[in-house]
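Note that the chains are named A, B, C and D in the order they appear, and that numbering of residues resets to 1 at the start of each chain.
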Amino acid sequence: MSMNTFGRVFRFTTWGESHGPALGAVVDGCPPLLELNEAAIQPFLDARRPGTSRFTTQRQEPDQVKILSGVFEGKTTGTPISLMIENTDQRSKDYGEIAKAYRPGHADYAYDAKYGIRDYRGGGRSSARETAARVAAGAIARLVIPEVTITAYVSEIGGDAIDRDNLDYTFIDQNPFFCPDRLAAERWERLVDEARKNGSSLGAVVECVASGVPAGWGAPIYAKLDADLAAAMMGINATKAVEIGDGFAAARLTGEQNADEMRPGEPGPEGRGAPEFLANHAGGIVGGISTGQPVVCRVAFKPTSSILTPRKSINSDGEAVDVRTKGRHDPCVGIRGAPVVEAMMALVLADHKLLHRAQCG
Amino acid sequence: MSMNTFGRVFRFTTWGESHGPALGAVVDGCPPLLELNEAAIQPFLDARRPGTSRFTTQRQEPDQVKILSGVFEGKTTGTPISLMIENTDQRSKDYGEIAKAYRPGHADYAYDAKYGIRDYRGGGRSSARETAARVAAGAIARLVIPEVTITAYVSEIGGDAIDRDNLDYTFIDQNPFFCPDRLAAERWERLVDEARKNGSSLGAVVECVASGVPAGWGAPIYAKLDADLAAAMMGINATKAVEIGDGFAAARLTGEQNADEMRPGEPGPEGRGAPEFLANHAGGIVGGISTGQPVVCRVAFKPTSSILTPRKSINSDGEAVDVRTKGRHDPCVGIRGAPVVEAMMALVLADHKLLHRAQCG
Amino acid sequence: MSMNTFGRVFRFTTWGESHGPALGAVVDGCPPLLELNEAAIQPFLDARRPGTSRFTTQRQEPDQVKILSGVFEGKTTGTPISLMIENTDQRSKDYGEIAKAYRPGHADYAYDAKYGIRDYRGGGRSSARETAARVAAGAIARLVIPEVTITAYVSEIGGDAIDRDNLDYTFIDQNPFFCPDRLAAERWERLVDEARKNGSSLGAVVECVASGVPAGWGAPIYAKLDADLAAAMMGINATKAVEIGDGFAAARLTGEQNADEMRPGEPGPEGRGAPEFLANHAGGIVGGISTGQPVVCRVAFKPTSSILTPRKSINSDGEAVDVRTKGRHDPCVGIRGAPVVEAMMALVLADHKLLHRAQCG
Amino acid sequence: MSMNTFGRVFRFTTWGESHGPALGAVVDGCPPLLELNEAAIQPFLDARRPGTSRFTTQRQEPDQVKILSGVFEGKTTGTPISLMIENTDQRSKDYGEIAKAYRPGHADYAYDAKYGIRDYRGGGRSSARETAARVAAGAIARLVIPEVTITAYVSEIGGDAIDRDNLDYTFIDQNPFFCPDRLAAERWERLVDEARKNGSSLGAVVECVASGVPAGWGAPIYAKLDADLAAAMMGINATKAVEIGDGFAAARLTGEQNADEMRPGEPGPEGRGAPEFLANHAGGIVGGISTGQPVVCRVAFKPTSSILTPRKSINSDGEAVDVRTKGRHDPCVGIRGAPVVEAMMALVLADHKLLHRAQCG
């Protein structure tokens, strides 16, 4: 893995800045003969797209993807697939004020300290717009793992969590929060509205479940499935934590409670079946390898750093300034994190499916 | 990164099974002319070594490291450094019973599902003994980053957390729990003893702070410092969660609360100084790049899966069995996780120091 | 290195097919603050561009490069640089006949055997058009190594070699063959014309000299400078051999003849100077590391496989056919290989400069 | 690929110096369930072993390999296989004189220029002893590709080539030169004896043929099979050139001559057969992908740099000295290159078999 490339066998490289002409991804190692066209990618971009409700940034980006290579007569050819999304609604002048000031909580100061230069318009490379490229790449990854179903949803906003007894997957696409709990979605509407009006912002937790992953994907020791998922998720903008299965809660269980007991499963057509697990504290992964249970992870997003409320900071001349971030921002960046978490899950799983096939046939 | 290799420029590869003749690491990319001998590595291995108190496994392993290459006349030469630790206290016969039975919570079933074969003796490659090789490699990584001080400690066992008002770093090495809180250590003594006597086990949380990391290490987008730390920590045996800075708590803050405000710092000898941060919710990393603040992470360890209390499972013939893991095991594997977390922090930081130097000079 | 990515620290990924909408490269790991715009890249593309004389393919491609990311206010930012070149003169209908037939010497059969699908238009991904992306990336690599001067020239066409006594570097850009020998260029004019008229094609040898490379670049054992150069050159379309320094001729020397003797060099400003070498059989590299002498390599290009003379082959139905490749082709593809060899030399050297800096400071 | 690691999916990392306690390799990504023990590796090491005739160095090394991990009950487990070979016949005092002097043609000066330190004993890491680790790893690679037969032989020593009409593969193992031509072997005996007595040395060419490679291995653009072979071979000590198929001779053919014509092959059990090629100028690789024909490469070895005849040089103080290399050396290091070339061929092919399986199933 190099700096802007992710994956081992199924790999993708992303490029582009928030206010440059375009952004994109190059997907390498994709198996040949998969049916692919722009229409297979667009719905996933649409789910992540800004400006679709008052709970996300009002930047209007169609996020229309173009496939520039790697597909012939509607099928992947095994050569690199270049994806491009043009930026259309940049308002760089919004950013004049922060050309020199470092926004607290943002990557401004760190980029300057590292590179001695930064494209300050809309956060440049550190903008969450980069995740559009991942979502496009993730749509291709899904084609590689048709046996897997991936569902991500927001399970908590501003400390207000869903009630797991109300879990309704069909509701996720019917509300602007990717929320699987009708009552929570109602509460969040008020919560996020209030934050937006106050010039504040909120954090969120996104949960992701991948079912259909067979036992045996993942590779010890430094290519563990959970380690790769952790890197994938912690690399998404604004994330600060990753859990697999019970996560921190597992640290509070006893060994008896935490052990996922097994019983012989239903025999399949070719004889003995997979084991039936009596619990899934492990989140579908032990020893870095999938067990056949659903792979479960949870990702914490900090509140959007771009807020209207002024904060103390410094500028690139080292002077004290107060920063108030105008521009158009998500009051809760974690909401649009759900499609990105799904994409990263797909990208990690597709890579590990191929890696497993490489070594074990 | 391949499967048993970690890192980008400063890289290490580990090998070895719990009950094989030896285990080891090959460290590649180490700068030349660093002073290195076995004595510089051994103290870190001793800290992780089993059998030093009744709160860890009673397996007696001296974990004596040998340097087989890459050092000449007491200095690193820039060529690969091969480290070997011989296993001396294997009792493979303890494992006869589990040759066929899958221990719940263990990697047994997953390894068999993946490879169709597994070295069941002591967990084979999935044993936490592998972490000795990381600790040895980590000792070399520390030599690459003399400007950095790394401290890891156990902050919670079985749900019982330290009181941050009692934090005393000097106490960490004076108790068998790597605990920085004298009162918590007393409580844990009883807690762990009880778990051990009951044939049960406990989880733990390890916290790690690296101070002295300059601003600018880390590299967007897929080599973010926090993403690499997440992979590093989630790849340690028995870990289920990783937080950077406030982690999940950040998802419950507002944007104003979470923003780490800045003020001009004290001017240094060469003029303007680094900013003074008024908080460190970010844990020293924004946009994947270090800010100059302490890098903070937190790692959750599940309770040891090897317990004496019988659990329902199946064997490799698909039959229902009850499994009771004899052998010698840590009642709380997270305790010895502290030196491993420190090692992984050092390995990630050393790698990123060199990677930053490569790109930015 | 993944499949369509080259390099370790300074890396680039290319994408695109001969007759797709565009092709491009993503350059990752480039140091920040280098002055870069399209005009710095275009001259190198112009040198490689087809259709500039009757000795190259008549396909008219402006090969206009666009920078889509990684540059801000005229300077590199350290983030990935996306380069795109649109295809404008595809005549895909020329290729109808070979949609099913496998051209001997071409990658047609091999691609079909591997992927079960191929974009047959103009050779698809196996077309030498891909090298435009490398040349663009190479132009950026040159900015990373301003201390190095790279010159490639054609030293032999169809078995007719230059006379080294006539070597005139200033002539290289003044003839359509990148030939440094005025007399040879005259002979080649007749030679290549004749081949073209006969519907035949010719092979060539390209030689490349990089001067100014300091001692110490390259890294044993599997990142040797010469090994990376060999991979770089052998990966160019139509190449079949690579020599470093004396190459095969070295195998015919005695140890005394081959040893490049040394004498103390002129003292430099900071005291002792670099050694003065009395010969350069090694081509500037020993043990995989540069010595400070000019780095010299030689690359053999086979004759263009696309010829008008009919050849026996089979088609994708396994039937015997005779293939005659129409379309527009270089009568000697090695000629335009010279700028590509230069680019690959620059890319390898830039990567190794950064890699050396990473490890050795 | 990092510095001391080679390969993409089937990877190996080597370590060790000529006069250190041991050297070794860690093989990662090996498929599970292959039968493996030391006896499967030893014959290949014996073929490369020094001291077996008067035509190689008189250093006596049993080169006994030990497997330290990755094998359980006689079968590979899919986890890293650690191989170790202890050094037993170091005579480091032989090297006292060259502790400071740089041997012309050797890596001494380059290592010092790079690292500022070098283990001068026997060439340290730059010694050809490192190739023993590759040969051991190569023996495991062969198990991954049972369908392939690899044969390497010396085709030329000191400019005296074999007569291809005399090719007799069965003779290769019956003479100390890995020579397939009985008459050439007789001539070489005198040639090498003479060089040895004169304190001189000779170069050689090694040719390698791999038959049974199916069509479809190799992966454009930067993981081409021939590019990987070029890197693999150019990274062997003392090599200066690599040819695939006709190599430089292809640059002297016309397009008609060079095109490997095809005819429909014999139908196989499942219908249509592979094509029958009427020639193999390409050496079994086009577009970086195997065609099903034998893979052919040729590697040039320079004469051993360690010679008794004094040569002009400098020492690490920058003073002029004359260097005469005592110690025990191969009069023609290319001879023992044959088993190393075979090993590298196996390692590249095994890696590409798995990589192909990853992407194309």
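One rule holds for everything that comes next: a residue touches a chain if its C-beta (ideal position, glycine included) is under 8 Å from a C-beta of that chain, and two chains touch if they have at least 3 such contacts.
The shown structure was predicted, so the numbers you read here are calculated from the model rather than taken from an experiment.
Chain centres were defined as the mean of their Cα atoms; on that basis the chain farthest from chain C turns out to be B. In terms of C-beta pairs in contact, A-B outnumbers the other of A-B and B-D. Rounded to whole angstrom units, the spacing between the C-alpha centres of chain A and chain B is 26.
Taking each chain's centre as the mean of its C-alpha atoms, chain B lies 39 Å from chain D.
For chain D, residues that reach two or more other chains under the stated contact definition are 2-5, 9, 14, 29, 32, 78-79, 114-116, 125, 220, 355, 360.
Residues of chain C that touch chain B in their complex: 9, 29-32, 78-79, 220, 354-355, 357-361. Within the complex formed with chain A, the residues of chain B that make contact are 1-6, 8, 14, 102, 104-107, 109-111, 113-116, 125-126, 130, 156, 158-159, 195, 200-205, 215-224, 226-235, 237, 240-248, 250-264, 272-273, 275, 278, 281-283, 285-292, 300-307, 309, 311-314, 318-320, 334, 355-356, 360. Chain contact summary for the complex, chain D toward chain B: residues 2-5, 7, 9, 11, 13-17, 20-24, 26, 28-29, 32-33, 66, 68-70, 72, 75, 77-82, 84, 114-119, 124-125.
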